[in-house]
Each structure stands twice: as C-alpha cells, then as structure tokens.
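After this come two complexes, each holding subunit A, first together with subunit B and then together with subunit C.
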Partner chain A sequence: MTFSPELEAKFADLITHYPEGRQRAALIPMLMFGQEEVGSITNEFMAEVARRLGLTPMQVDEVVGYYSMLHKKPMGKYHVQVCTNVACMLRGGAELYDQACHKLGLGHKEVSADGLVSLEEVECMGACSWAPAVQVNFDFHHEVTADQLDTILEGLKK
Partner chain B sequence: MALVNVTINGVPVQAENGALLIEVARQNGIEIPAFCYYEGMSLQAACRMCLVEVEKAPKLMAGCTLPVAEGMVVRTESEPVVKARKTTLEFLLSNHPLDCPVCDKGGECELQDMTFKYGVGESRFTEVKQHVPEKQWSPVVFYDAPRCILCYRCVRVCNEGMGVGALGISYRGVNAEIIPSHGDHLECDECGSCIDICPVGSLTSGIYRYKTRPWEMEHVGTVCTHCSNGCKTTLGVRNNEIIRGNNRDKSGINGEFLCVKGRYAFDFTQHPERLQTPLVRNEAGELEPASWSRALKLVAEKFKALAGPDFGVIGSTRTTNEENYLLQKFARTALGTHSIDHHRTGDVVTLIDALSGKTGQLAALEDLYTSKAVLVVASDLAQQHPLLAGKIRANFRHHKAAVYTVTPGPVREDKIARRSIRIAEADSLAGVEQLREALAKEAELVIVFGDAVQGDKVRQLVGFGESLGIPVKYIALVDYANSRGALDMGLLPGLAPGYHAAAPGRSLQQMLDDSSLAALWVVGANPLKGGRKLAASGAFVVVQDLFLTETAQCADVVLPAASAYEKNGTVTNVCGQVQRLKKGVETVGAKTDLAIIGLLARGMGVNLGKVDADAVFAEIAATVPGYNQLPMPVILTGGAAQTHPVNGGVPASLVPGLIASARDTLFTTGSLTRYSKILNEVLEKPGALYR
Partner chain C sequence: MKLFNEPSPLETKIISFRFGLENSASIDTYLANDGYQALRKALAMTPDDIINEVKASNLRGRGGAGFPTGMKWSFVPRASEKPKYIVVNADESEPGTCKDRLLIQHDPHQLIEGCLLGALAVGAKKGWVYIRGEYNYLIHIMDKAIAEAYKHGYLGKNIGGTDFSFDLYTHTGAGAYECGEESALLESLEGKRGVPRIRPPFPAVSGAFQSPTLLNNVETFSSVPAILRMGGQAYADLGVPKSGGTRLVCMSGHVNKPGVYEVPLGFPMMKFINEVGGGVWKGRALKAVIPGGSSSPLLKSEECDIPMDYDSIAKAGSMLGSGGLMVMDETTDMVKVALRIMRFYQHESCGWCIPCREGTTWLKKMLQRVSDGHGQTRDIDLIGDLAQNMMGRTFCPLGDAAAMPTIAIVKKYRNEFEEYVARNPFAAPELVSIA
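Showing the complex of A and B:
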C-alpha cells in the first residue's frame, strides 16, 4: 500500500519518537493521520500498519475497535463531533447533539447520503473549560449555542 | 537460587526470590483464586480476583503479578480480601446473564465456583443487562459475549500457546468482546484450546454444546488415535457415546494441549458407515453380512489351508502394541510366513541402527521443551505434529530456546526460528550443513526430521550431529498413533520385535505386487487406497477395519474392528513413549483386533497363550528389548514411559520397502479423515504443508 510523500514523511518521523523496540507506540497516531488520507481504516491499511510496526493485523484491529475516533467505514467530508460528557452535558451538550441529529437527519456515526456530512457523539475532547464543545473535522467550536450550531451546520451544506 | 522467607496466612514458607505470590501460595497448598492468571501464559492482571493483603502495603495487591520478597507477610482470606473478592464478583456478574441452568459450563465453571465460594447473593446493579446474540465462528467454536468476563485467556492461549493469534479483544467497556481473525469467522487451527481454557461458558464447543451436563459423563483418560504425538485425551462418555474430548486435568505428556483431532475427531466412531457385522463374499461375488461364528470359521479354515511363506500380513499403525505383537507372533509361528509389514512413515529403523552403541540419544517429548536448541528438518511440524510444535513454542516462550528450521516452504516455526533455511526436501542435509556454524555454538540440540531423511541420509544426519561436538538427540517423525509401536513390535519384514533379525520376507509393496501371494490378511490398514491394485487376484483376502475401505471392498471376508477408543492396550508415540489406552465405549458388533486374532487362533487350534491386553503386554515386557524396563507404575497410572530400544546394531539392510509419510495435516488423518464429520466441516482443510 502506498501513501503520499507527506504522509510517508510523517510516518517516518513518528516512528523515531519512541525508544528502540517500542515502535508499536506509533500505532495510534499512524492510524489517525492515515485515516485522514485513506478515508477510513481499511483492512489493507491495517495490514500495512501492522507490517510496518511488527504487529499482527489482529492487534491493530483490537486498537481500532477500542478508539471511537478510528473509523472502519468512511465518514463524511465534514465530520461533526458533539461532546456529551459531563461538563458539556451540564452546559447543554446533550441538547446540541439532539439538535444536530434532527437537523442533519443523522444518528451516531451515520453519514449523509451524499457523503458530505457525518455525525458522531463523542467523549471528552478536552474542551471542558469552554463547554459545550463541537468539533468539525479538526476545527473546534467553543461555548456553542443552539443558534451557533445551526450556523455551523448550515455552513457545511454550501 | 536465593530463597526468601514469606509468611502466608500465618504459615512460614520459603520461596524462590521473585517468584509470583500466586504460584508460591499454590505450591504451599493455598489457593489464591484468579480468572485471568494462567500458568505458563503471560501475565494479564485483568480480573482483580487475586487481590491479597500484604502487610505494610497501602492497599490490596494482585497476587498474580506480585513477586515475593524477604519478610513478606501475606493474608489471602482475611476480611478485606474476602470483601474485595465479593465486590469483584459482583462487578463481573453485573452483565453476566446468569444462565447457568442452560450453560455448558454449569457445574465446572470457575465463575460459578467462585460465586458459590464467596456467596455473592445479591447485586447493587439494577441496570438492564446488555444482551448481544451468540455468534458462531466456525463449526467448532461459538462465542457468547454477555457471558465473557474478558480475562484474555483465550487470546493468550491462541497467541502464545498455539502461535496462531486468531483471537483479539475489541471495543470498549460494556461493549468489549472477543473478535475472531476474519471479521465474522475464525480461520485458525480449530484446536478448541480457547474453549477449554475459558473460565466461564463464553466460548463453547460446536459438538458438545447443549448435549449434556458435565456431571452426567464418565471421564475416561486415554490416548488420541490420530497422529503419532500421543496426546492424552479425556473422553467424556455418556450412555456409551463419546460426547467430548479434552484434557482439562492436564494429565499426560501433553498437559492440556490438544489439536482439532484430539478434541473433536473422535466422531468417526459413531459414523453411520461403521461396520457392525462381518461381511463374507458370496457366490455372486458380493459382500454379504454374516455371523461372527460363520466368518471366523471360514477364515480359520482358509488360514489353516493357506498358511505358508506365500501368506501376506499387513498390520496397522493405529492398533495397540499388544495387537501388533500378537499379530506378528501369530503370523511368524502359526501362519509360517515372514511377509509381514505395515505402512511405514519414518525411518526409525535406520536411526536406531545409526545410534547403536550410544545411549540417551533418542529424544523424549519433554526434551523439546527443555533443550537449549531444536532443529526441525523437512516437516511442517505445526501441521503434522502439533504437540511437538507446541512443546517447541513453549520452550521458546519460557526458555528462549534457539529454533532452526530447514524446510522447502514456510512453516509456523519460522516465526520463532533463529534461522530458517528454504531448501527442497531432497536437499535437506545440504540445508542442515548451512547451519553447522550456528548449531556448533549451541549447548545441546534436538534434531527432528521427517520422512525425506531416510536410509543413508539418516546416517549422514547422525554423523553431522556427532561432528558438532555437542550433545544431540533425535526424533524420527512417524505419522500415526502407533506407527512407532508397529516398528517396535516387529511388523516388519526381516525384523522381529525389538529390532532383532528375523527371516527375510516381502515388504508391503512386494506383497501387493506378487502374483503368487496365496492369502493377504490386512489388519487395520488400507494399502489399496488411491486405486492401488493387488496383483494376486486369486488371493484370499481378509480385512479387519472400522469401515469398508478400498481394501475392505476387495476382501473375501471383512471383520469389523474396534477403534482405539473402544479398547484397552498400549501405544507408543513418536518419541518411543508408551502409554495406556483405556476403553471409553463398548462396540456394537465389532470386536477388538486382539480378540479377533485370538478367536482365529482358537479356530485354527493354535495356542497363543492368554489373549488379553494385560497378559500380552506382560509377554511384551518380558521378551521385547526396550520394553523390558518400562516402569509399570508410571504406565498403569496413565503416565508415559520411554522405551530404550536395543543398543546394538540393527540389521536394517534386511528391511526392504518404502518409507513415505502420508503428509497429513491438522485436518486430515489417513483413511479416518473421511469418516470424521468435524474434520470435513472446517474451512481450513486440508491445511498448509509448505505453501
């Protein structure tokens, strides 16, 4: 399996971050960055990462299943993530999630028919001080209100 | 080895410094309960059941990962410990379905036992339990996720014990579950180790599930009848039917190790095509059922008339030592023939000859676990000899043994090998030579070799071993449950029991090819498999077998025989280790080969002495070199004792004929394969052999 030169460079760099013999520690970042380019965590991608890190495809599969941000099926071009953990929930995160479901007509980890938008109810993204938080791809939106969420979501449809 | 003083429950004990507390306690008769800890596997520390109180430690400690140290004071059943265990159990049961009344494991479930012991009668959890439907992963493996307590035992036994790695754990929290290698199904050895090792009823066996309660079975410890490794298998028998095979008591040379054949492939005994009555060819040329008395009378009369040098006898690689011994004795004395042979699958004869004058160079199974180095030549060991391969893997895992492979294609042992040489089987010795330098640096070595190394090549290999200047032991691989016993008992032209010279005779192939053969008596073998023909078309052919094999179809008389699970006796494994078969079930219609030989002898008026397994074994022990020093208490109590064959030259040149392994894999087993439903159902069949 081949990747873009940029991703290859990133992988090469990642592997140097960990002590000799502990290269498997690069697994999660490799999956994260690779997912961006490949679109999802495919079996082929898992096998390739396994090969590079000296793991079995099963070991990679175990990790992919564990982390909700790693997707075996492609998510939308815009992946909307709404946090409903404690701090966000207290500040209206759950309502925001319901609103997003309604507005997009999507449920947890569902993708719109045109592949443009997907929705996910996520665990804490470390933005408790600015709860409730919403993340679209890698862009953060803090202290989101119902109106702001509408604007964000409408922006995606253009 | 430094010893430290530890106090467990007020009892002072001494233990090796750094040993795990759970093991030290166990050795001193104190059980620290644990679900995830498993002897011989890597540590997991996942279940929290083994918490113990250690003085001066701020909180309860996990006994499974705690190394003992000088002065340590431990309490394993104090009030805080018992309370912690109750809580752990309450937590483990929080999503457990408690369907014990219909669970296969009920009655022998570790979770049930612990719940019973610590009396967790109530739970604070009121949430609805999360149900997930049961999944079938293969014909033999079912997985019920809600019952699973995520101890990782199955994952580890598959990774470490089997070297397969077909199981993993995925998802998180209450959703976490075991996942199989291929999305929705398993592709693996189908060995079922994961099922046996499961402390709860999460992994269940396709052939055993919902069939019985464990306490309704009798448990009969006998020896698997498939390959030559000689695994002890404990048959679960109910109402004269074998319901399961496992070896949970860890008895025998294999401990709890079993492959798909040992655990499941006893089902051939109940195959509908099993012969239950003698068959005699009638005037129309068809085989028709006949009574035992008529069939035996006919055979005895014919044998008496045809006895002489043109009588051919072909013995079996699955019948017991007693049957083999009696067969050759009967043939060589009463039938007056020296044409006696069997399907030979490895050149043990030349190996024993090449080692004449030396002692202690025939490896026992345990040597594969303890030797510092192992060399595998021309065998796909994990497929052909699963227990031997398992011992080597354990040796690598526990002792970092140096493993070397010389094979024509990839084998599982490559993964743990220091060096792997890819070379055609015919050139195996050249491959071995490439390893000379590395092997000479090892402290000791066991060489395991397949049928490609035979005749002079065996002598060259032994010469190579000698030249290394280190202690070397050998195992000549043979295929079937009593292949080694057939050789030891003299089912060979030119060799009597114990590898002593006998008058020369025809080999198996020569018997088939010789048109002057007057009679052929085939006991538990299928020499006409694959369309081979008997040249002597007029010969009187008698076949004793379980099924109407190709050979039986050509017979004049077919006598239905009992399988290894239906008789007593002894068998000798690939390493020359003798073990006892114990009768698990009665036969319907069939008789043991021993009984048939005895009845034929009586019909012919020949006195063979007392024909019963114990009496014949006593005669073997008294007369066959190598079998005369076996420690009987070991064998009688279900252990394995290694024979020490003659220590002088073997007239190997007297033995003509072919030596060829049948190249069975994990999922095939000679003619028996087609009668085992389970071996035919698994996807993996036929299994790799150098792909």
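Showing the complex of A and C:
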C-alpha cells in the first residue's frame, strides 16, 4: 500500500517521537492522519500500519474498534457532527440534530448515496460556552441557529 | 485568533491576559509579554526550589480531581534509572468544559513554558501534549509553536546555554472521553485501547512507557509560568486558603453571556452568573447549576450562594471539577437532563469493568423508560439504588462520574420523576400486603 509523500514524511517523523522500541505509540496518530488520506480504516490500511509497527493486524483492529473517530466504512466527504450533550441541549442542540436529519434525510452515522455528506450525533466536543455547536470535518461552527444550519448544509457541494 | 466571547471587566487575568493580543499564539507576542521569563528564573533555581514555589502557590489540578499540584510534582522520584517524562492532558472532554482549547489556541507558548518548568522540577527530558482528536486544528497551532520554540532555543538541546535539554511533541487522540482519565490516557499514548490501569503505581512512579511521568492538565501547566514570575505566595493570595490563584470557568447553558472567564478561586457563584454572565436568559429564574462538568452533582438555585473554590463546593455536596459551569433556567426538564447525562456516560464507558459498563447501560435504559412515559415508581428507587451501588466500585472515576449526578438529580428533583410516572397510563398499582 502506498501513501502520498507528505503522509510518508509525517509517518517517518512520528515514529521518532517515541522512545526506542516503543514505536507502537505512533499507532493512533498514524491511523488518524492516514484516515484523512485513505478515506477510512480499511483492512489493507490496518495491515500496512501493523506491518510498519511490528504489530498483528488484530492488535490494530482492536484499537480501531475502541475510538469513535476511527471509521471502518467511509464517512461522507463532509462529515457533519452535531453535539446534543447537555450544554448544547440546553441551547437547542437536539433540535438542530433533528433538523439536520430531516434536511439530509440521514440518521446517525449514515452516509448520503453519493458519498458527499454523512451525519453523526456526537458527544461533547468542547464548545460548551458557544453552544450549540456543529463540526463539519474538523471545522467548528459556534452558536449555530436553525437558519445558519440550513446555510451550512446547503453549502456542502462537491 | 479572534476571541469567542467578550471578556468581562470582573475577570482577573493571570493566565489568559494574552488572549486578546494580536498574533497571541506567536513566540514574538509571547516574548514581548513576559514570555519565557519564568524559565529564565527557573534555570537558576534548584528542582526543590521550583517545587516549593508551586507548593506555596496552592495550585490544585485544573483537570477535575483538584489534587495539589506541588505535591504531585514532589511524588516523581528524584533518582530514577529510567528516563522521566512530561505528559499534558489536553483530552478535554468533560461535558461543559472548553477552556484548555482556548489556552492552546491563544497561548501555546505558555503551555510549553509550563512543561519546561515541570521538566526542570522533575528532571524530564521528553514530553507529549495529548490532544483530543476533535481538536485537530489545535495540533497545527501547537506544532507551529513547538517549532518556533525549537528555533528560538527554548526546546531542544542546551536550553538557555545550560545543560538542560527537553523535547516536546504533540500526540493526537481519536475520540474517547475515557482517555481524559490519566492512566487510560497513558495507555492510549502507548498505542492501545484507552482503558484505565490499576493504581498504584501512580503515573509519578510508573506512567508513560512505565517510566516516572509528570501528568497534568493543560491549565495546570499553563498556570506555572505565572506562579514562578509572581512568586508562589502572591499567586496563592489571589485565591482563598487551600485553593490558590485563578482559574478559567466555562459558563454555558441558559445565561445571557456564556463564555470562558478567568476569576480568582473563591469568586461568588451567584455574582459569576449574574454579573459576569449577565444573569439567566429570557428573564427567567434560576433552577439549578452544574458547577464543574457533567459529572459534578447539580446544585439547586438555593444552594448556589457559595464561593467557587474546591472546599466550598465540596461542602455544598458537589465539586469544582473541570470548571464547566452549566446554568439551567426554571423551564429545564430534569428527567431529560439526567437521561442525556447518562446517555453520554453509557456511550463513553470503556467496558473494562462491569459495575460501570452494566451500571451505565441499565441506568440509561431505566431513565429512558421514565422519560418515554413508561416508568414505574419502583424505577425511580432502582435508579437511585443502582447509582449508589456503582459509587467507589469501578476501576476508574468514570463510574462515580456517571453515578454522582444521577443520585443528585433523583434526590433533588424526585417530584419531576414522579410526575412522569403519574402520566404513565399503565403504571403498576401500589403493592398491597396480603399477609
């Protein structure tokens, strides 16, 4: 399996961050950064990371299964995450999530047929004082109103 | 970066005073505003002097547990055959908490300097900033700041022309609340599932890669440069006895001006809500406050007339925790709040130990039942009982974190649960003794 030169450079650098013989520590960052390029955590990707870190694919798999941001199936090009935890709930987060479900015709962790958009109801993402919050991929949107959510969702084009 | 909320004139800005400055994250701005002055001072001090200064400051951990920082630093063994490490917990994920994010976003060099001071105090040569996966943009900010610090000789070999060397790296998480717990964070740092370790040994003795590790929250490390600059005693005097200094309180929920504000420990809670936060929104009355993240038991409005310091809030039956203060107005449905809190803990329980994994699952099911209108009176008692039985019986504090708010809500707002049950057309009749 081949990666872009930038990602290869990143992987090579990452491995030097940890003590000798403890390169397994680079596993989660490699999966996180790699996922952005590969699109999801495929079996081939897991096997490749395992080979590089001297792990078995199973050891990688059990780590992947634990973390909510590592996805085995591809999420949409735009992954819309709506927080409904208490601070956001108090300011309309749950209603925003319902609105997103209806507008996109998607449920929790579902992906649109064309692969463009996916939706996830997420737990607290650290925007409590500027609630309700929505994240599209890694971009935060704070104090989101119903109208703003419509605008955000309508702006998700190819 | 632009500020997310307007500062308040009532703040005491000790660790957030650079937040509004232009290019506040750059090393130039940092150096022009007292930056790396504490390091200069510390390079001429002995490790014991540094630790004593931190002890004198009465700084207590800002991540949640509130353990005295100076004492934690003194637990790292002086002589060690193994290398010693610094780990920064930037896995901020306690619901209601959004302050560490600002500390990295606006002032990453303050955190780097805090790490350097910790490294000098315990003799560490390497460190990692463990940043939660959702804060991807902070990794870029932090990496940039680290690169600048290397360029200016504040990281790397022979810092300040001395024989002190220190390397710092960022490390990304991948979405798991449990990794905010220190031993689970260390497992995750080592590339494993984030499940907690049995303690003792504590991380100070056996932490990252089984080496002595100084592990603190972002805000804790970020407070140390100011302590060394102004002196431990002067910092302590800002707060109240046993709770020194200032802290960032994240106000959210039903207030007019939610935001993150820096206030001295012991700042009155009602003044904070009414004057800093502009009062409860829509002209409504206050119903309850969650004072320190969703794991802290909520306080009814009449219990909120207290100073915000560790001991006063503990005396009121709750905790200052991570500083996530959530305000609820009179229209708030407490059954829905209890259910949402439990849904979170059930989702985030790592599954390692049974009281937490099963306890949170069943509590969620029962709270869902009540909330859906199918609850029975016995469910209310069982929720309280089950939560009580989780307390202190789990591997790590997540079990307590789930149980504590549940016990408080059911106890303080039992009438609301009973109203839900009374609306259930299929409620079981009262049991009658046939003896």
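Here, the second predicted complex is superposed on the first by the 156 of 158 C-alpha atoms of A that agree within 3 Å, B and C clash if a C-alpha of one lies under 4 Å from a C-alpha of the other, contacts with A are read in each partner's own complex, and residues count from 1 in each chain.
One rule holds in what follows: a contact is a pair of C-beta atoms (placed from the backbone, for glycine too) under 8 Å apart; a residue touches a chain by one contact, two chains touch by 3 or more.
No experiment lies behind these values; they were computed from the predicted model shown.
Q: So, A:C101: does it touch subunit B (first), subunit C (second), both, or neither?
A: neither
Q: Could you tell me if A:A127 is touching subunit B, subunit C, both of them or neither one (first, second, both, neither)?
A: Touch status of A:A127: second partner only.
Q: Per the contact definition in the header, classify A:L156: touching subunit B only (first), subunit C only (second), both, or neither.
A: Neither partner.
Q: When the two structures are overlaid on chain A, which partner does A:A47 contact: first (subunit B), second (subunit C), both, or neither?
A: In the superposition, A:A47 touches no partner, neither subunit B nor subunit C.
Q: So in the superposed three-chain picture, is A:T56 touching just subunit B, just subunit C, both, or none of them (first/second/both/neither)?
A: A:T56: touches subunit B, not subunit C.
Q: Is A:N85 touching anything from subunit B or subunit C once the two structures are fitted on A? First, second, both or neither.
A: The answer is second: A:N85 touches subunit C but not subunit B.
Q: Between subunit B (first) and subunit C (second), which does A:Y66 come into contact with in this model arrangement: first, second, both, or neither?
A: In the superposition, A:Y66 contacts both subunit B and subunit C.
Q: Would you sort A:L7 into first (subunit B), second (subunit C), both or neither based on which partner it touches?
A: neither
Q: What's your read, subunit B or subunit C touching more residues of subunit A?
A: Larger number of subunit A residues touched: C.
Q: Can you list the residues of subunit A that meet both subunit B and subunit C?
A: In the superposed arrangement, which is not itself an observed complex, subunit A uses residues 62, 65-66, 68 for both subunit B and subunit C.
Q: Spell out the residues on subunit A that touch subunit B in their complex, using ranges where they run on.
A: Counting only subunit A, the residues touching subunit B are 56, 58-59, 61-62, 64-66, 68.
Q: Please output the residues of subunit C touching subunit A within their complex, sorted ascending.
A: 4-5, 83, 92-98, 100-101, 126, 128, 132-137, 169, 171-177, 188-194, 209, 250-254, 258-260, 290, 294, 324, 326, 328, 332, 336-337, 340-341, 344, 347-348, 350
Q: Spell out the part of subunit B that touches subunit A in their complex, as residue ranges.
A: These residues of subunit B touch subunit A: 165-172, 179, 181.
Q: Where on subunit A is subunit C touching in the complex?
A: 17-19, 22, 24-29, 31-33, 53, 62-63, 65-70, 84-87, 89-91, 122-131, 135, 138, 140, 142
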